[in-house]
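The structure under discussion is supplied below as structure tokens; questions concerning it will follow.
Labels A, B, C and D are assigned to the chains in the order they are written; within every chain, residues are numbered from 1.
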Amino acid sequence: MSRQQILERAVKEIQDGMCVNLGIGMPTLIANMIPGDLNVMLQSENGLLGIGPYPNKDEVDPDLINAGKETVTAKAGASFFDSAESFAMIRGGHIDLAILGGMEVSEKGDLANWMIPGKMVKGMGGAMDLVQGAKRIVVIMDHVNKHGESKVKKSCTLPLTGKNVIHCLITDLAVFQFSESGMELIELQNGVTIEQVKSNTEADFTVSSSLEIKG
Amino acid sequence: MGKLLSSLDSAIQQIEDGATIVVGGFGLSGIPENLIHALRDKGVKDLTVISNNCGVDDAGLGLLLENRQIKKMIASYVGENKLFEQQFLNGELEVELVPQGTLAERLRAGGAGIPAFYTATGVGTEVAEGKEHKEFDGRTYIMEKGLVGDFAFIKAWKSDPFGNLIYRKTARNFNPVVATAGKITIAEVEELVNIGELDPDEIHTPGVYIQKIFVGNHYQKRIEKLTTTNA
Amino acid sequence: MGKLLSSLDSAIQQIEDGATIVVGGFGLSGIPENLIHALRDKGVKDLTVISNNCGVDDAGLGLLLENRQIKKMIASYVGENKLFEQQFLNGELEVELVPQGTLAERLRAGGAGIPAFYTATGVGTEVAEGKEHKEFDGRTYIMEKGLVGDFAFIKAWKSDPFGNLIYRKTARNFNPVVATAGKITIAEVEELVNIGELDPDEIHTPGVYIQKIFVGNHYQKRIEKLTTTNA
Amino acid sequence: MSRQQILERAVKEIQDGMCVNLGIGMPTLIANMIPGDLNVMLQSENGLLGIGPYPNKDEVDPDLINAGKETVTAKAGASFFDSAESFAMIRGGHIDLAILGGMEVSEKGDLANWMIPGKMVKGMGGAMDLVQGAKRIVVIMDHVNKHGESKVKKSCTLPLTGKNVIHCLITDLAVFQFSESGMELIELQNGVTIEQVKSNTEADFTVSSSLEIKG
């Protein structure tokens, strides 16, 4: 339910004509929610621009997977390329938007989403490239962890994926934008109050004037 | 042209303990299955393996882990592999984690005679520690070095006898860059076609990068995560 | 998708005096003829042009020289052009000569978000003067910087409406790297095909790099040096 | 005649299975002299591996030229690629041999072949990349200029293409090889004496012991 709110808000970040990279996990679910009248090309960093829906059982092709290693299809207008080209595209600023999951976000726009010390080291995959390369970085995550602790922090405690890279954070409580002047609360999720956001957020943030009026 | 192998034995025979091998593929897609099996059978040890992933416990490069042949792994994501974790925690396995785009570019650079380049990827993270930092137009970048292996193992769809290669769909992935980054590059392919049969405009890897070609007769092409619309 | 232009006027209209334009082609092969003509007709001045060559006196980028629109030229070989010499000796034209491989790599780097890289090309020559030198494994290299233009003009054979491109034979040359190195890249093509008509395995330039597409209706394709077996 | 001797000696540098780049001008003429039983792929740095013969009049294609901008054909097994890939191939040491023209060569293996100060600046094209990248660099040129002055010098007076890059020099008088220990005369052209070579060479060189015996 809260996940659904996050995804519904995240899909609004996607505009007609964009090339978008959706991170592994929750962000991948956004693919199915993109309105059919938008012409959007989804990029998969293993070498596909133009991800289509999951295949029917008889279309499954081991030579056609996404970055999460799931079997997918390619839509009309898709192209395949190698990994160096794929990251040239990402690092060179040709991808309009990346929507990524997060473990922790800091008020400075730092992101930690690849490693928990003491746990299995899985590797960063393409996340560090995406946060530095895509034109706009949107992070989606739950606002607090299962112990009720804020994941929106003054400083990240987990190893960073990127420093000062996030443009927008969407949680189950609120939406924030990041700029030179810091972190700003710009929207509340349905039924959430500013007080609730404040009490669940370790980070310092300002509240958008347009939001105060609505609230 | 003498590039065609009837068996992998002679090619694998050249590989000695301690060699550095660059391996194509992403997950289990587009991996050089026959080469990995041959290397497992040969049993050569203390390998440094450079590959985006390390297979899964019972397939792909996971077979070399199982056989304790890998001393050091350079990869971007190894999360599918429990053996990996175990050997890493034991201290049996050395690991260098490299962001995926940096890994792809380090291999391309190595193959292209570029000893080092600058990237913003990893700046401000563990990845940047100990690396040269430099500013260009007000933004900070780190220096990353080109990578070349003693051998490169790749998998393509079609080859002609010169080693001109065509890959299929996302099985292309790291294979074309890995092809350029081996002192000796061995390509295993699904199909051999006659010289002149491939359209020169459609060749992904020109044969100049390929020293040996092997036509595999069985490809498992295991799927890691089967996802379908009706599943 | 709104990338398709019915005329070049609106696209060229955006280009202002002093702009930096990267142009594809090698000699007169694979040059964006219609874009060059449109730029000549628009008459915009003080351009910095980055291209391997500068056309000949009455064709290709030579037309912009003739019209005195180029302030600075970054190229690897300009030996076919008398106007070039004249304007250079007059001091009207600034010239930066870059080794061809370094030029190709600087454009690829610019397009790929790599601000600089090291190469041995030019070490010990005029090209190395004033550049950072660094040793890797006992060999000396110089640092070269990525290049990006305000606009990139390229020529392809076929395009779909998303801007996925296929080039033909050696008319490919610099075009795919130039395509990546423009803030706004305009592709002129010989033929527009429907979306889905190009095999995704055969696309040379994915449409993500292309902002505008123009279908030219006349290509001169002048030959610089006609050589035949019977000539 | 002297040119023919140079070319005939140069073609012997080409072995079966090699990928070779022939420079613009005199080196291009070597293409036609390669024995038919050798399987050789000629590279053209504008993006072709596998140059074929010049086309018939009805085969001429403006989209198919070599680095000298001449119309050519592509042989069976040829591939086309872009300029970055072409120089990745060259710079990365994947081309076995480059045979280039020279204006001056020094005893240290320096090459000058791209520019005469005071004359029209044409540009270096791909020559600086080739001398640093190809596995073996063979230079072919006349031993003396039209004023009878040696082009094989102690130091080059013209701007360099590359420093300490030449492996072999073939002139109308002799063949030299270059190594750590300097420049060595290894062959004489037909009817030429060591004395003739010495009197026409400004550079210091040693004479191969095998040559002394023959001479």
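As a convention for this text, a contact is a pair of C-beta atoms (placed from the backbone, for glycine too) under 8 Å apart; a residue touches a chain by one contact, two chains touch by 3 or more.
None of these values were measured; they are calculated from a predicted model.
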Mutual neighbours - chains that touch subunit A and subunit C alike: B
Mean-CA-position distance for subunit C and subunit B (Å): 33
Inter-chain centre distance, subunit C versus subunit D - centres from mean C-alpha coordinates, in Å: 28
Separation of subunit A from subunit D, taking each centre as the mean of its C-alpha atoms, in whole Å: 54
Multi-chain contact sites of subunit B, meaning residues that touch two or more partners: 105, 108, 112-114, 119-120, 167-169, 172, 200-201
Touching two or more other chains - residues of subunit D: 48, 74, 80-81, 87-88, 90-91, 132-133
Chains touching one another, given as label pairs in label order: A-B, A-C, B-C, B-D, C-D
Subunit D-touching residues of subunit C, taken from the complex the two chains share: 26-30, 52, 75-80, 85, 88, 95, 97, 99-105, 107-108, 119-127, 157, 167-177, 204, 221-231
Subunit B-facing residues of subunit C, complex: 105, 109, 112-120, 134, 136-137, 139, 141, 145, 166-169, 172, 200-202
Subunit B to subunit D touching residues, read off their complex: 1-2, 108, 110-114, 160-162, 164, 180, 195-196, 198, 200-201, 203, 206-209
Complex contact set, residues of subunit A against subunit B: 44-48, 53-57, 59-66, 68-72, 74, 80-84, 86-88, 90-91, 110, 120-129, 132-133, 159-164
Subunit A residues touching subunit C - in the complex, by the definition given at the top: 17, 19, 39, 41, 43, 48-50, 74, 76-81, 85, 87-95, 132-133
